[in-house]
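Next, two complexes with chain A in common: one pairs it with chain B, the other with chain C.
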Partner chain A sequence: MRKAFAQPTVLTLSLCLLALIVLAGLWPSSGAELSLLDKNLPPSLNHLFGTDWLGRDLFSRSLKALLASFYTGGLAVALSCSIALLLAMLAQVNCAARWCVDLLVDVFMSLPHLLLLILLALAFGGAQHGLIMAIALSHWPRLTRLLRFEMQAIANAPYFQLAKQFGQSPLTVIRRHMLPHVIPQWLVGGVLLFPHALTHMAALTFLGFGLDPVNPSMGALLSQASQYLLTGHWWLALCPGGLLLISLLILSYIANALITALRRGPQTHVSGGEFA
Partner chain B sequence: MLATGLRLALQLVLVILLAYLLLAWSPLDPINSYLNGNLFGISVEQKAALVSSLGLDQSVAQRMWHWLCELVQGNLGFSPLYQQSVFDIIKERLPISLLLIGLSWLASLIFGYALGLLAGFYQGRWLDKIIRNCAWLVACIPSFWLGMLLISLFSVALSLTPVCCAAPLGMQFSEQSLLSMAYHLLLPVLTLALVHMAPIVLHTREKVIDVLDSDFVEYSRLHGDSKASVLSYHVIKNSLLPAIVLHFAGFAELFGGSILAETVFNFPGLGSTLVKAGLANDTALLMGCTLISAILVFVGNLSANGLSKSLLAGDKR
Partner chain C sequence: MLQLRNAGLEYGNTQIRFPDLTLSPGQRLGLFGPSGLGKSSLAKVLAGIEPLSQGELTLPDFAKGSANPVQWAIQQSEFAFNPRLTIKQSLRESWRGDGFMVLLDLYGVEPGWLNRRPSQISGGQLQRVNLVRALIPSTEYLICDEITAHLDMITQQQIWQALDEEAYRRKLGLLVISHDEDLLNLVCDDVLHWTA
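Moving on to the complex of A and B:
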């Protein structure tokens, strides 16, 4: 993993992303100030992303929206990854548990992702915590499946069998001999989930099931922009979406570099899993 | 084969139960959404009548049992949002969605496969790099944003394509001419196909590179076979079916994408209906749409399974 960050592009991109987040956090304007005199301005030096129909500066709004999306998305991904790890460990207990976990993964994967998100968001009553729970409860299956196969391979390895036969308690064996091999996979899986979570969050908010449109979030900005699309205010859609896309691209690039490093890395004797 | 089929059917049943429980668990008040938030506009007796007519005075298990019994008889319930039976709504809107999904499925398969073939054949050259980077870029783009950009470019700025809907104003979808149908379907299909093309491009590329590296291709090359005959005899034969299997298995994501595309393009299909039903908390309609999409995914998985089984059997022979 250290090797991945030694690559100059990965390092630069991570620093860029970090700088973007810090900039968004420290940006003085909240983007909520109305100024009806300069409404609907196209992008210029004064207003980098232009202004919207109430004269709010779109650049500040997009930055704050990005920050909010990162916060909610990060929370949701952390929850989702924990669920995945717990279930994958549960599947190691015995045959019945493995069958149940497999079935659960398959059931959650046999609805279109977005539909499952809508159902979950409705079940938790929308708003921010509904959105976080929906993302957390719908993104775990793929990672769980990956971790389960990974753990299965380790459990069949001779050194693990030996460690078990030395009579250590199952918990110790898992903690000392299984987790160190799985944790890198798990972390990279989390990084890889992050762009997916951001996209789905924006999509869900865009459809109207997520965050309140009053607080700036990427989906809300874009869904409001779609109402002004036909009047020719293209920058309302292009600029915030572009910012989102750039962060998604950076994240996915970093995740891909991490996976490649992990596959080549010396510490994993089990072949890295395939993410589709 | 039978075992996988049974397991998939079990998944179908469990998914429907899960969806029903999730909706029943929702804290949003169906009475409130039925009355558009005007909860105090009715008297206590009227409210009680409404509760019993919507079946809310029964327990969740009773309601679910009732819904399942009705389902077996082919009755999907009544939608308060459209004031129509759910079956009629689905019958009216499903064909449009299926047309949209089917066309995008085909388009992304054909173009994705062709691009993957090109990229694999020219591995390491600039063409391969361009295709790979484009696939990566397209996979990252949120589909609804892509749709919005396409609208503002082709429909608003260039006025080449219609701005919304599936038919000219005041017309039903099936009443228009084929040309006008294609004209209205162009942008949504383009959006969906672009977004779902990336996996198939990358998968085909890997597969083609594998085949080109294999011993039998080396052997046929040593015998002086031309590039074209290697391509048609070995590469396409070995890479087309896996690509189709993968594409069947990705059917669920295509349906999810159609929800967004239909909302962006204001298309009167099943996906946009589903969103409206969800926003209005119309449980019967939402369950109907969920059922249909679960069945679609079930069929997609079953076909992928069957195809890959026959593929493996062909290998053994």
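Moving on to the complex of A and C:
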């Protein structure tokens, strides 16, 4: 993993993303107030992203929206990843637990994704809380399945079985031989899940099931902008949309670099005929 | 005493019938049979890793949390080591303390290699480390599953010589699984022929 960040592109992009988040946190929200004299101004040096139909500076609104999305998305992804790891570990306990976890994964994966999101968001009362729960409870199955099979492969590896043979406690065996192989995969899975979750969050908010439209969030900005697109106010959708797209692309790039680095590292498990 | 009676295993549709065998301390029993019969499965059953579907298995008792007196050494020693740990860390899996140094010398493993990873030393060296790791003081029986099948003659001879002395000194019970009949006749007191 350290090797991935030693690559100049990955390092630069990570720093860019970090800088963007810090900038968003520190950016004064003074420009985001109503100012009907300045409404619908196209992008200029005064207003980098232009202003909206109420004269609010779109750049500062976009940054706040990005920050809000990262916060909610990060929380949802962290929850989702924890669920995935817990369930994958539970599946290692015995046959019945494995069967239950597999069934649960199958059920969740067979439901239409967006429909499930909407139902969950509604069930948890909508708004930020509902959105986080909806994302967290609908995004764990893929990662769970991945982790579960990784763990299965390691449990079948001779060195894992031998460690038990030497009298080590189950906890020690898992800590020494299972987790070091699984944790990097888990982290990368989480980073990959993040852009996915952000898109879905924006989609839910766009559809009206997510965040409060008064507070800036990516989905709310885009959904409101869509009403003004036909009037020629292109910057309302293009600028925040572009910002979201760029941050998502950077995140995906970093995640992919991490995966590549992981594949070059020590092999996770063996693929020998009779031990497979 | 290690004893197997009327035992068998089922993997889905595949059924394996194991031969009856008894291994007492100090005995060297060879198991000869063509590939595909389930010799490696037998090794796993005797080491207590794979539970039997039928039949009886008598194993020496040992306290929970201590090392199994029946140890298992496999042919592909590279799979027997966690690729992330150094040789020293792997040896510490079974050994408490540095008692393995004497054995390493006996088996001709250079101490300078202790800080390397399994992928950084040769297969012959790794197999010796594998045996040293299995031969902790509490070990009474050793299941050798084709441990030298992939090695050159000189390395094979060195390994078997060291193991022979060790087994004699400690009265270890050895079960040597191989498809090489000459080797079995050389190393073992009795050879069991397993046919389908």
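The rule is short, and it goes like this: the second predicted complex is superposed on the first by the 263 of 276 C-alpha atoms of A that agree within 3 Å, B and C clash if a C-alpha of one lies under 4 Å from a C-alpha of the other, contacts with A are read in each partner's own complex, and residues count from 1 in each chain.
The rule we apply is simple: a contact is a pair of C-beta atoms (placed from the backbone, for glycine too) under 8 Å apart; a residue touches a chain by one contact, two chains touch by 3 or more.
What you see is a predicted model, and the numbers here were worked out from it, not measured in a lab.
Enquirer: Taking the superposition as given, does A:Ser169 touch the first partner, chain B, the second, chain C, both, or neither?
Expert: second
Enquirer: Look at A:Ile183 in the shared chain and tell me whether it touches chain B only, chain C only, both, or neither; answer first, second, both or neither.
Expert: neither
Enquirer: Name the chain, either chain B or chain C, that contacts more residues of chain A.
Expert: B
Enquirer: Once the structures are superposed on A, label A:Leu122 by its partner contacts, choosing first (chain B), second (chain C), both or neither.
Expert: first
Enquirer: For A:Ala157, is the partner it touches chain B (first), chain C (second), both, or none of the two (neither)?
Expert: A:Ala157: touches chain C, not chain B.
Enquirer: Now for A:Leu114: first (chain B), second (chain C), both, or neither, which partner does it touch?
Expert: The answer is first: A:Leu114 touches chain B but not chain C.
Enquirer: What is the shared patch of chain A, the residues that chain B and chain C both contact?
Expert: none
Enquirer: Which part of chain B faces chain A closely enough to touch in the complex?
Expert: 7-8, 10-12, 14-15, 18-19, 22-23, 25-28, 136-137, 139-145, 148-149, 151-152, 155-157, 163, 199, 252-253, 255-257, 259-260, 263-264, 274-275, 278-279, 281, 286, 289-290, 293-294, 297-298, 301
Enquirer: Could you list, by residue number, the parts of chain A that touch chain B in their complex?
Expert: Touching chain B from chain A are residues 103, 106-107, 109-115, 118-120, 122-126, 195, 199, 202-203, 206-209, 222, 225-226, 229-230, 232, 234, 237-238, 241, 244-245, 248-249, 252, 276.
Enquirer: Please name which positions on chain C make contact with chain A in the complex.
Expert: Checking each residue of chain C against chain A gives 40, 44, 47-49, 65-68, 71-72, 74, 76, 78-85, 93-94, 117, 119, 133, 136.
Enquirer: Taking the complex as given, what residues does chain A use to touch chain C?
Expert: That would be residues 157-159, 161-169, 176-177, 180-181, 266-267, 270, 272, 274-275 of chain A.
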